[in-house]
Every structure is written in structure tokens, then in C-alpha cells.
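All remarks here apply to the structure that follows.
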Amino acid sequence: MTAVTWVALGLTLVAAPALPGIVNRTKSLLTGRRGAPVTQLYRDLARLWRKGTVYSRTTTWVFRIAPILLLATTAAAACLLPLDGRSALLTFAGDFIAFAGLLALGRFALVLAALDTGSSFEGMGASREGTFGSMGEPALVLCFAALALATGGTSLALMFSEAPSLWSADGPALAMVAGALLLLTIAETGRVPVDDPATHLELTMIHEVMVLDHSGPDLAIVQYATALKLALFGTMIVDVLVPRAGLPVAASLAVWLVALGAVAVALGVVEAMMARMSLARVPRFLVAAGILPAFAIILLLGSAG
Amino acid sequence: MTPLLVGLALVLLGGVAAVALARRPHLAARVFVVLVVSGAGTALVPAVRVLRGAALATIELPTQVPGGPWVMGLDALSAWFLVLILGVGALAAIFGAWYLAAEVEHGGVPQTQLGFAFLLVALALVVSAQATLFFLAAWELMALACYFLIVFDHRRAEVRRAGLVYLVATHAATLLLIVMFGLWSRHAPDFTFASLAAVAGELGATRSLLLGLGLVAFGLKAGLVPLHFWLPEAHASAPSHVSAIMSGVMIKVGIYGMLRLVAMLGAPPAWWGWTVLILGAVSGVLGVLWALAQHDLKRLLAYHSVENIGIILVGLGAGALGLAYRIPLLAALGVLGAVLHTLNHALFKGLLFLGAGGILRATGTRELEHLGALARRMPLTWITFLIGSIAIVGLPPLNGFVSEWVVFQALFHAGLSGTPAALAVFGAAALGLIGGLALLCFAKVCGTVFLGHPRTPAAGDAVEVPAAAWGPMLALALACGLLGVLPGIVIPSAARVVATVAGIPADVIGELTRPALSGAARISVLAAVLLGVTGLTAVLRATAQRRTAVAAGATWACGYAAPTTRMQYSASSFAAPLVDVFGKLAGVTVERTAQAFATHPANVVLDRALEPAWRAVRRAGARLRPIQQGRLQLYLLYIVATVSVLLLYLAVFGGAR
Amino acid sequence: MTLLALVVVPALGAVGAYAHRGTAYRTAWLLGTSAVHAGLVTAAWVSRPAPVLGGWVALDDLGALVLTIVSVLFLVVAVYAVGYLRHENPRGGRAFVSCLLAFLAAASLVSLSHHLGVLWVGMEASTLAIAPLIYHRHDRRSLEAVWKYLVLSSVGIALALLGTFFMATAQFAVPATDRPLVLADLVGRAPQLHPAWLKAAFVFLLAGYGTKMGLAPLHTWKPDTYGEAPSPVGALMCGGLTALAFLGVARTTQVVAAAGLASFAQPVLIGFGVVSLVVAAAFVLGQADLRRLLAYSSVEHMGLLVLGLGLGGTGTYGSALHLVNNALAKGLLFLAVGNVVLAAGTSSGSVRGLGRALPISAALLVVGLFAATGSPPFGPFLSEFIILRAAVAGGHTTLALVVVALLATIFAGMAVSILRVVHGEPSPGIRPEADHAWLVAGPITLALTVLLLGLYVPAPLGEALRHAAAALGGIAP
Amino acid sequence: MTTLSSLLLTLVVLTDFAILGTSRLSTCIRAIGAQGLLLAVLPLALHPGWSLHIIGLALGTGVVKAVALPWFLRWAIREANVRREVEPLIGFTTSVLLGAAAVAVAFVVAPRLPLPEREGTLLVAVALSNVLTGLIVLTSRRKAITQVVGYLMLENGIFVFGLTQAERVPFLLELGVLLDVFVGVFIMGIVVFHINREFDTLSSSRLEELKEP
């Protein structure tokens, strides 16, 4: 844990809202529109932060605490990732479980908040979020397992700092893990083709319909936390793909930010090329995300044996 | 050992007092609680001392039957389970005194208190018995005491049925144990555990048979799939504080049996480890899946017991693989995970069942679709129930997370071991899925029971339970929180248990579990970070909101003007997407009409396999019935036929000496 | 003297009871005689009397076990009968008490006989003494029951007589100084007995006494008889009479084992055991009538007894112990059912809610259920455990598993039938006076004893069991 | 084995066939009485020493089997108003054929049995014949009273076998056996009497109320 780690964390917190912007901008450009600027989310957040809040009379303190908890868990999860490519603020054997657990706690809070409103729409969204979240969980664990097998470490810091240097040996396995992480990023952050943040039909929504009742600063916190989550998943992809352990500190951070942007662009490309798929097909998408790292594990076990 | 005996005697005395003072129910309840709590406290003293490293103690009971003395002893393994039994037991007793007060005029309350005392004592004896017959006697006492608690409300047919299914299942387990111990003891001079353990090396192929029989017998008690069939109904039927004991403690005795078996038989063969691991994973996934399909609160919680037994068994299976393939680290972590989760599950499941009992008393129903919005009416129940829910889902910073974290590490170390055990790493995926599904399920429970609008007037008029009820719940919730935030305080004790089970010296285990211990310290830091960031964000939002307007309004209904409570998402519909994904495996029949959507869960194993099998057995029995049709001449013919067959035998084998 | 007194006292008691008309007098006579008998048995335990009548009558450990079982059970039944006769007034009350005491005399004779012929005479006498007791209600059903009982038992016992003669024939090669059919001489010179005749004797004695024990498929009289007999008589039959019959089988096995022919006898005994368990399981399932249920349960326990005997080794010890436990547990269960019948007027199993309406008897019924099905820590568990252990120790693991499956089925069947009447909302018209002290004191004693025997086998009993097992060619565990 | 005893034994078998073949109850009872008489004479013929033991046995057998029991059975028939037909479950011809087969089996088996003295062969053959025919009567006749007769035939067969051991088996014992048989048949007779009072006909096939549903 060094100052660099803190700097990296700060950078993440600051840069995160830019990522959805990049995704949307890429998508717009590819579909022949100008689209909103990359900094759109910063503006939205600032505006929301200054707005008033309306709380439904049905809701309880759960609804009020949920956005805070969502952000807190995501931020705490950020402390576990080796954002600077070397080490994390907090690292211990098996911390990947804490990472997954923290994200799940945030989801749990948000789902409960949705149910707190007593609205059938938000209940519907909560149900979908919980369902797809639960099916993404094994895929995420398997990704970590594949990385652990490849690197021999059981902490996120070890996994992600070692992984990129193993491309020569375990390239196919790492590629599969990176692919799975990309699929998971799409699912976890509610991007096309799993979910469409820009849709206007509540019946087809997942994440957005769940936060219908949040307003003002609460909504800002939720949106910011989602962006932060995107940054975290993006960082994981970057850390699998890009070896930056050997680079000087500044270069490492720069490479990271650029790569993160590239991930966002990639997501934008996916969004531009694909249509939103039907809800019934989402489970298959998530199973695919799980099968990839499972194959990776089999490959790794085969090469080890 | 003396405090243990004195404590158990006090507990028993409490039960007897409840019967003796049956005419003065208030006094009886108070005396019962005082005696049971003080008895449990007294008996806990030696258990805690053993867990902190004190020497083992044994005594012999003054029995005289064939097969050697009835030895009673406390090692770390016994002590660990004793803590859980007496701790949860005492709290459940307090809750139970309140819970049963409403039933006094229906009768049967004093007997139930007595049965409860018997159950606690029997549980304590099961884990401290160190001789076969003593163990079996305690085991059966436990089973029977529990049966009479389950059928407390025996006027209802479904309760009687649940009791009967339970009784037959537990008796089958007992019989299997008899066969197991019978097989085992044929090599031993007597039936004490010490003698049995001493001959473990000479068993040869019998060892595998013993492990197989033990797995089935103890698995029946623990409720692992597909032997869980008795569990949901039984747990749902019993009075809630008894459900807490059953789910929290009694099924753990099955786990205790498996651990004791491993401790006595030494390293199990690899197939056993794999079987346990796979059955654990299957139990975990199916348990939570079937839980999702339920809308009876207590039955749902019961299915979650199946799920958690699955998690424990995944840990135990990994540990057994570690022993089989001689990977000490894997053995240590796997068993540690199992042991820790046993304790943790007892705490949060006990808490949840007590909560369910409170809800049942406050609203008169356990049907999720009839509840709602209790968070406002029963704030303390809600907070404690929420803590239990977060814990059971395995989320940080509560205790469920800690044990799952250890189990995950065991599976990852299996993957890194470079042995055939590496395939166990796929168990991690199952654990991940279990966690995700559990989250969904408890979101459903918390959401439909406590949040939103009340679905019935009964739910709307609910009143918070008194201190006698929320006190025990709060204590359990605090324990969940404490073990989640400071897991380091129990890991050394758990390591001693692991040493007993795995047969590894305590100092080596200490070395092996050091990473877990240091990780536990980091988990504490993480909890602090989480708390800090939450506080910071809360302050930030507060500042933002101080400057802006905060208004109250109606829930946004996407433009629809007059939403009613009937439009709320129901428990059935909440779980529907997932149930759809798993199809037939989920064991649900769906009823979909234009106006309503409802799911009807089935007990897959009981309804689709055992009931038909039972009917087939009865039909087969009925086939024999015509032989007893009342005609004397026919009966005489049987005698003639029998003698003829015997004479034939005589003719064939009669000649030579 | 003690030995003869054991037979003569109840025989005189039978005559004495018939002599007087007053009911109170007769019950006192019954109680007094059974108490004296129990006292004599105790005396026999304290100092073992020497054989009398040229070794025809003697007391060995196996006989002492049976004698004690019968005496204790009889005392309990006598106490129960005091309460019972207040509610039910059997026609020919004089004959009732007389026949009970005659049964006791015959049973004592059987237990004490060390001569297979005397054993047979006693056995026939006990069979006949019971017959009028079954018929004490003088209606069609009891008439049918007693008829079937008489014919089937008589045919069985005739076969046993043939077997007894075969046994005498087997002795043709032994020196003339040997006393024919005297147990000590048979056992002492067993290797010189003619094997073919000995085996034939075994077959017929087993079939004969097996009919009396109620081994399937020779059990057919049992459900009808138990279903109609008055409860005290039923208790005596399923605890006492079966023990006597088992003694007959055991004596035969004793000779066969001493002759080194155990390998011939064992498969037959095991076969009877398994068939009995199968039949018991089939008929226990869905059996509504409580007393018929007990009859099939008795078939089950008889099966276990011969199973243990057939397994040899520690199995014989298990059988000897199970003999004691079975008598206590079944006696308890039968008397508890008797209270149900007194209270509800029927044993058809249609009553409900006895737990509320008749708490003590219902509790006894439940205790009896668990005791009789071999739940720890009751005594039958211990003996069943030893028998099952003998099975696996003898390499019969499959057999043990089959037996376990059957035991589980029987347990399920019995639990369903018995718990059904205990639970639920009480049926109207249950007479609570069946929980009277006279009617529950005996069963409570039996319940406590059967529980105690699971925890503490007194040293003299343990010693007797050990010797009995040794006599049957086995060993103690 | 004297000629007389051989003759007596042959007559015993003939009485068996008489019982199997007759349709009249009174013939049945007369035949069983005759059989009892033959059995009473048999010990005297077999053991010419005429010891006290043998004389006592003959007397006892005569009194019980030839006099008391037939008289008692006849009394039961009369008092209970039993119809005089035998009511077999299988035809009389079949019964006789079965009986013949049983006797054949007995005579085939008996010489193969390892007997101490060869002369006993006929005795054993007749004993087995009686046991088997007794069982046939027991299982193939409907009326309760015929079953008593069948039981008596069975007992008589065993008695004949017992005569091979008459020297060795003590008198006291044989007395006990006789007494038991007597009491047994006596009780059976009483039951038969009651059965007839309860049911209008003395057919035991009406006694089928107690059974599993």
C-alpha cells in the first residue's frame, strides 16, 4: 500500500463517470449520431445533487440507506482491486470473495429499496436484477478461480498483477477469462445487450426500473455507483490483458486509464452492433459467461497436470 | 465434567418444573427459563474451557450393559457443538417461554417445555457421548423428544403427517447407525469410541462401508439432498423456538456425526470426499432453489437449512479430500470452513426462525403472500431479521460471509494443489450460485414480509413483540455481527476443533490456519472501511439534502394513478424468472391466469419418489394379505407346507453330520 | 423343594380359586399366589436349587430366565386383573382366575423341565390353560378365535410330540445308562446321537414349537387370538406363552448345537426369522386394529429371537436378552392397549385423541411403541443391536441390511397405527377411568423395567444371560 | 413283530381309510373309536412281557381313546344337534386316493429310515400313514368335529411311533401325554358344542369372520 495506490483510487473515483459517457459517445458515433458529450454524466450528477428529493410515503429507512450502501460497498470493493496494477489498499487471501460479497451487498440494498416502494414495476426490476445477479455470481467466481489457478495467488492483488505476464504460457485461458469478464461487465452494469439504460419502456427494463423512485442526490449516488462499478470491472479486464507491473508508476497509471477508455469504447462498439436481447435469453448469456472461465480452468488444470 | 452434568440436570429440572407447576403457567414459564438458562450457562463453562485449550475430560456413567462403559467426554469437537447447542438453546428457551404463553389454554405447553429440556439435554449428550450405545441412546432421545415437539399442534393433519415422516426418517437413520456401529465394533473389544478408534486401522474394506453408512445415516439427520425430505415440513410444523433449535442445532448433529466419524476413522478415501462435496453442492443449490419456490416463511427457512448444510458439506468434502490426498492446508481450511459455518448457521438460522415465530405470533400467518410492511410495525424484529438475512446470504460484514470465505479458500487451494482434488475448484461456482440465489430469496422474504404495503389487515395491524421475544433475537443478531466483524476471536478455537477432526497436531493446525487468522483481521479492517465510507456518504448526502427540498409523495407507478396492494409484486412473481430458468428441477407447479399468478411448491423427493415408493411397499404388503383370509384348513395347509419344506431340506442336508 | 413348589403352588392356587364364589376373594387369591410364586422365583435366584425327580426337573440359566419372565409378567397381570375385573366381568369368573393360575403352573413346569417329554406336557398344558381364557366373552368372534387357536396349536404341538419321539429315537446308540430325553444326558452325549434322527427331531420340534411361538407362516392363529383375547391374557400370551415356546426351540437348538450340527439348524432358524419379519412387515402396514397389530409385532419379535439363535455367536446372547425385553415391552404394550379397549370399547383403531382423553395410558402406549420397536435406550434396542451386530459379525451384512429395512417398515407401520389414536381431537365417549391406578401400575412398572434394562443389566441377569448363551452354543458380547 | 401286531397295524390303516371314505359322522367316530381300541391292544401285542408299564399304557389308552373320547364326541353331536354329514372340501374318492398316496409314501420312506431295529419298520410306516392321513382329514374337512377326528388320527400316529420307544420312555410321561390329549380333545369338544350353539351348523367354514380385510 503506497501513495500510488491512493492516487489510483482517487483517479478511479474521479474518472468513473466518464466511462458511461465514452460508451454512449462511441455508440452514437457508430450509429451515425453525434450523441451526448463524454462528460454528460458529470453534468447530470451535479444537477441531480442540487435537486430536491421525493420519498414515497410507502418507503422506510431502507429506501434511504440503500443508495448510500450501494456506493459504500462499491467504493470498499475498489479498495480490494489492484488499481495501480501492483497492489491494493487492502489485500488478503481470499479477498476476491469479499469483492464479490461487497458488490452483492450493494445489490441486496438496492433490491430491498425497490421492494420498499411497494410498486409492482420496481418489484419486477428487483426480481430481474436479483435473478440475473445470482446467475452472474458463479461466472465471476470461476473467473477468479481461473486467475488463481494461473497465477497461484488467492488475493485479487496477486491474481491481477501476475496474470498479464502469463500470456505466453496460458494465453487461451486468459483470453477466455477476459472475454467472460467483458460479458460480466455488460451484465453487471446493465449495458446492451443485457439491459438498455436508455430504454423508455419500463416493462423491459432491469436496472433502471428498479431505481424509478430514487430522485435527487439519491439518484446521483446510484448512477455514480453504477459508473464506479463499470470502472472496477473495466479495471479487471485491463489487468488481465495489459501487463503493466514493470512500467514506471506514472506510465502504469496512464496505460491503465487509456486501456479503461478502450474497454469503454469496446462496450460502445458492442452496444452499437447488437440489439437488446429478450429477457428469456439473458440466462443463457450468463451461462456463457460462466462456461468460458470453466473452460479456462480445465485448460489450466490440464497444463498443470 | 461436573459442571456439565450439573448444568444438564438443571436444564432437565427446568422441564420437570414446567410440568410440576403446570397449574401456574406464568410461574412455570419463569422458573423454566431461569433453570434452563442457568443450567446452560453452567454447562457451557467446561465447554468453553476445552475450546480454549484445556485438557480433555471424561467420566463413565454408572450403567452396566454389554459392550463396555458409557463414557462421556469433552474434546474440542464436542465442546464446539456443545457451545452451539446450549447457547442457541438457552436463547430459544427464553423466546419459547413467551411464544408458548399464547398456547396455554390449548394445553400441552408444560409437556412441550419438558420435551424441549429433554431435547437440549439429549443434544448435549449426543455430542459428548464417547461410547456407541450411549451415543445411540442419546441420539434416539433427541429424535423422540424432537418428534413430540414437532407434533405439538397435532390437531392438524399436516402436522401429524410431518411428524410421522420425520419419525420414520430418524428411525431409519438410527437403524443405519446401528448397522454401522455393529459392523465397526466386530473388530473391537468393546463399544467405546476409544476402542473403535483404536481398531480403525484394521477395518480394511469395511472402512468404506462404514463411511458410506455414516454418510447416509448422518445425512438423513443433517438433511442433505435427497435425504432432506422430512426436513421442511417438520421444521415448519414445530413451534418456532423448536424450529430454531432443529434448524440451528439439531441438524448440525448430523454434521457432528460425520466429523466424529472422520476423527475416529482417520483420513477418509477420496470417493467419500468427492461424494460429500458433490452432495453438498447439490444440496446447496437445490436447497436454495426450492426455498425460492416457497411462500410459507418457515418452510422457506427450512429449505435454507438444506442449503447451508450443503455449504457445510462442501467445506467438509474439501477437507476430506485434503485428508485423502494428504494436503494439510486443504484439510485444515475445508474443515475449518465447515466448523465455522456450523456455528454461524446456528446463530443466524436460530435468529431467523425466532423472527419467523415473532411474525407468526404478531400476524397469525406464515404465508408470505399475506404479509407486508411489517418494517414499520415491528422495527426491532425487522432489524434483527435483516441482520440474519444478510448473514445467511453470506454478505460482508456478517458472520455468514466469514465461513463461506474460508470454504471458498479451501476450494481454491484444492485447485492449486496439483492433485486430482483440483477439480474441487468447480465447487466454488456452486457456492457462488448458492450465494446469488440466497440473495434473491432473502430479498424476496424481506421485501414481501417487511416492506411495501401490508397485503392483509392482519399484517397491517401487527404489533411489535415484547422484550422476551426480541431479546434473544437481538442477542443472536449481535453475535452474528460480532463474529462477522471480529472473526479472529473464534478462529483459534475452531482450529482446535479442526485439529481433533483432522488428526493434525494443534500447533501445526495453528500454522496452517494463520492465513485465515490474518485474513480475519483484514476482514475487520474492511468492515471498518465499509462503515466509514457509508458514514461519509451519508454525511455528504445529508449536506446535499439540507440545501434542497425533501418531499413525501406517492410511489411512482409509471403513470398509473391508483395502484393497490394487490398489484404489488408477490413472492411468487418475484421468484418466477428464476423458477422459470430451472424448470422442472424447481419442483413448482405454476398457475397463470389473466388475473393472478401463483406457484405451488412441491417437496420433490417426498412427493415424487418416497410417497410412491411407500405406496408400492404398502401394495406389496397388501399382496400378502390374502394368506390371512380366515380359513382354518388353509392355515393347516401352511403348517403342512412348512413341514414339507423343512423335510425337503432335511432330505437334502439330513444325511451327513 | 423350591422347584416343586413353583409348580405346585400355582396349581393348588388354581384349585383354591375355583373353590370360592366371591370375586374379591378370587382376586386376592390370584394376587397372593402370584406374589408367592414371585417370591419363590426370587429365592431360586438367591440360591440355585438342585435338580429333583431324577434330573427331570431342574433350574438352569435359560430356564431361570423364562421362569422369571413369566413370574414377573404374571404378577403384573395379576395386579392389572384386579382393575380389569372391575370393569369387565367375564362369564365364568371362577374359571378365569383358575385358568390363569393353571397357566402359571404349566409355565413353571415348562421352565423347570429338563426332560423334553415333561417340557412337552407342560407346553400342552399351558396351551390348554389359555384356551378358556380366550373364550371368556362367549361370543362368536372369541369362539372362532379359540377354535383356531386350539386346532392350530394342537396340531403344532402334536408335531412337537413327534419330534420329541424322534429325539428319543436318536438316542438309540447311546449307552443304556443314559436317561432318555433328559436334557443333561442329551447334551452331554450329543455327539453320539444319531444325526439324521436328531435333525428330524429338530425339524419337527421347530415346526411344533414354532407354531406355538407364532413364527411365520405358522403364526396364523396369532392375530385372531390376540385380537379377541382379554388384555391380561393377551399380555400373558405375547410375553409369557411365546417365551415358553421359544424355550422349547432353544432346548432343541441346545442339543443340536452340542451335537455339532449347528450348521444344519442355523439356516432354518435364520429363514424362519426373515420370513417372520417379512410377514410381520407386510401385515403391520396399514393395520388398524391395535391388538392384531400387536400380534404381528409379536411375529416380528419371534422372528428376531430365532434369528439371533440362528446367527449363533453373540446372537444367542442377544436372543436370550431379547426374550426378556420382548416380554416386558409387549406386556406393557398389550396392557396399555387393554386400557384403550376398556376406555373406548374397541381396539379397532378408530379412536382419536387418547393423548388428551387418557393421558397416562396413551403415554404408556407411546412408550411401549418405542420400546417394542427397538428404540434406544429401551432394552429391546440393546438386544436388537446385539443380534444385528451378530449378523454383521457373522458376515451376513446383506441379511442385516434386509432386517434393518424390515424393522424400519415395521416401525413405520406401528407408529402410524398407534400414534394415530394418540393424537388428534379426542373422540367422544372415551371413559377416563381406564387410567385407574390398578390398571396403570403394572404397565408403568414394566415401562420402567424395560427402560432400566437398556441402561443397566444387573449382574446376576448378565451372568444368567452369559450362561444361557453359552448353553446355546454362543458367547456373550 | 408278531403276526398279531402286524394285523393290528393293518387294521389301524384300514380305519384311516374308513374315516377318509365315509360320508357319515357317526362312522367317523366309530372308526376313531375302533382305532383307539386297536392302539390299546397294540402295546400288549408288541411287548409280550406285559410289564406293569405296558398294561397301564394299554389300559389308559383304552379308557381314553376307545371309550371316553368317542363317547364324548357322540355326546357333542347329539347335544348340539349336528347334521350327520361329513362335508368334505374335496370328494371322498379324492380323499381316499390322497390317503392311498400318503400311505404309499409312508411305506416307501419308512424302510429307508435308519431305525435301531428292523422290526420297527411297519410300526413307523403305519405311524407316518396315520400322521399324514390325519393331516389330510384336518385340511380337507369342513366340520369342526371332523377336525377333532383328524387331530386324533394325527395323535394316534404319533402314539404308534411312540411305541417304538415304549420301553425307554417312562410311564409317567406317557400318562401325561394321554392326559393332555384327553383334555385337549375335551376342550375342543366343548368348543365344538358352543360353536354349534352359536352358529346353526357345525361347519368351521363359517368361522371365517376373523381375517385381514
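Think of it as A, B, C and D in the order they're written, each chain with its own count starting at 1.
Criterion: a contact is a pair of C-beta atoms (placed from the backbone, for glycine too) under 8 Å apart; a residue touches a chain by one contact, two chains touch by 3 or more.
All figures in this text were calculated on a predicted structure; none of them were measured in a lab.
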| item | value |
| --- | --- |
| Best-connected chain pair, where connection means C-beta pairs in contact | A-B |
| Inter-centroid spacing, chain B versus chain A (mean Cα positions, whole Å) | 36 |
| Geometric centre distance via CA averages, chain D-chain C, whole Å | 30 |
| Averaged-CA centre spacing for the pair chain D and chain B, given as whole angstrom | 69 |
| Inter-chain centre distance, chain B versus chain C - centres from mean C-alpha coordinates, in Å | 43 |
| Chain D: positions in contact with at least two other chains | 135, 138, 147, 204, 207-212 |
| Where chain C touches two or more other chains, by residue | 147-148, 151, 155, 196, 223-224, 283 |
| Chain A, residues touching no fewer than two other chains | none |
| In contact (per the touch rule at the top): chain pairs | A-B, B-C, B-D, C-D |
| Chain B to chain D touching residues, read off their complex | 625-626, 628-633, 636-637, 640 |
| Of chain B, residues touching chain C in the complex | 62-67, 107, 133, 136-137, 139-141, 144, 151, 154-155, 160, 163-164, 167-168, 171-172, 174-176, 178-179, 181-183, 185-186, 209, 614, 617-618, 620-625, 627-628, 630, 632, 635-636, 638-639, 641-643, 646-647, 649-650, 653-657 |
| Chain D - residues contacting chain C, complex | 113-116, 131, 135, 138, 144, 147, 151, 154-155, 157-158, 161-162, 164-165, 168-170, 173, 176-177, 179-180, 183-184, 187-188, 191, 194-195, 198-199, 204, 207-212 |
| Chain B partner contacts - residues on chain C that touch it in the complex | 147-148, 151-152, 155-156, 159, 195-196, 199-200, 203-204, 206-207, 210-211, 217-218, 220-221, 223-224, 259-261, 264, 267-268, 278-279, 281-283, 285-286, 317, 321, 355-356, 370, 373, 375-377, 381-382, 384-386, 388-389, 391-393, 397, 400-401, 404, 407-409, 411-412, 415-416, 419-420, 423-425, 454-459, 462, 476-477 |
| Contact set on chain A toward chain B in their complex | 49-60, 62, 65, 67-69, 71-73, 75-76, 79-80, 90-95, 97-98, 100-102, 104-105, 107-108, 111-112, 114-124, 126-128, 130-131, 133-142, 144-145, 148-149, 152, 154, 202, 212-213, 216-218, 221, 279-280, 283, 290, 294, 297, 301, 304-305 |
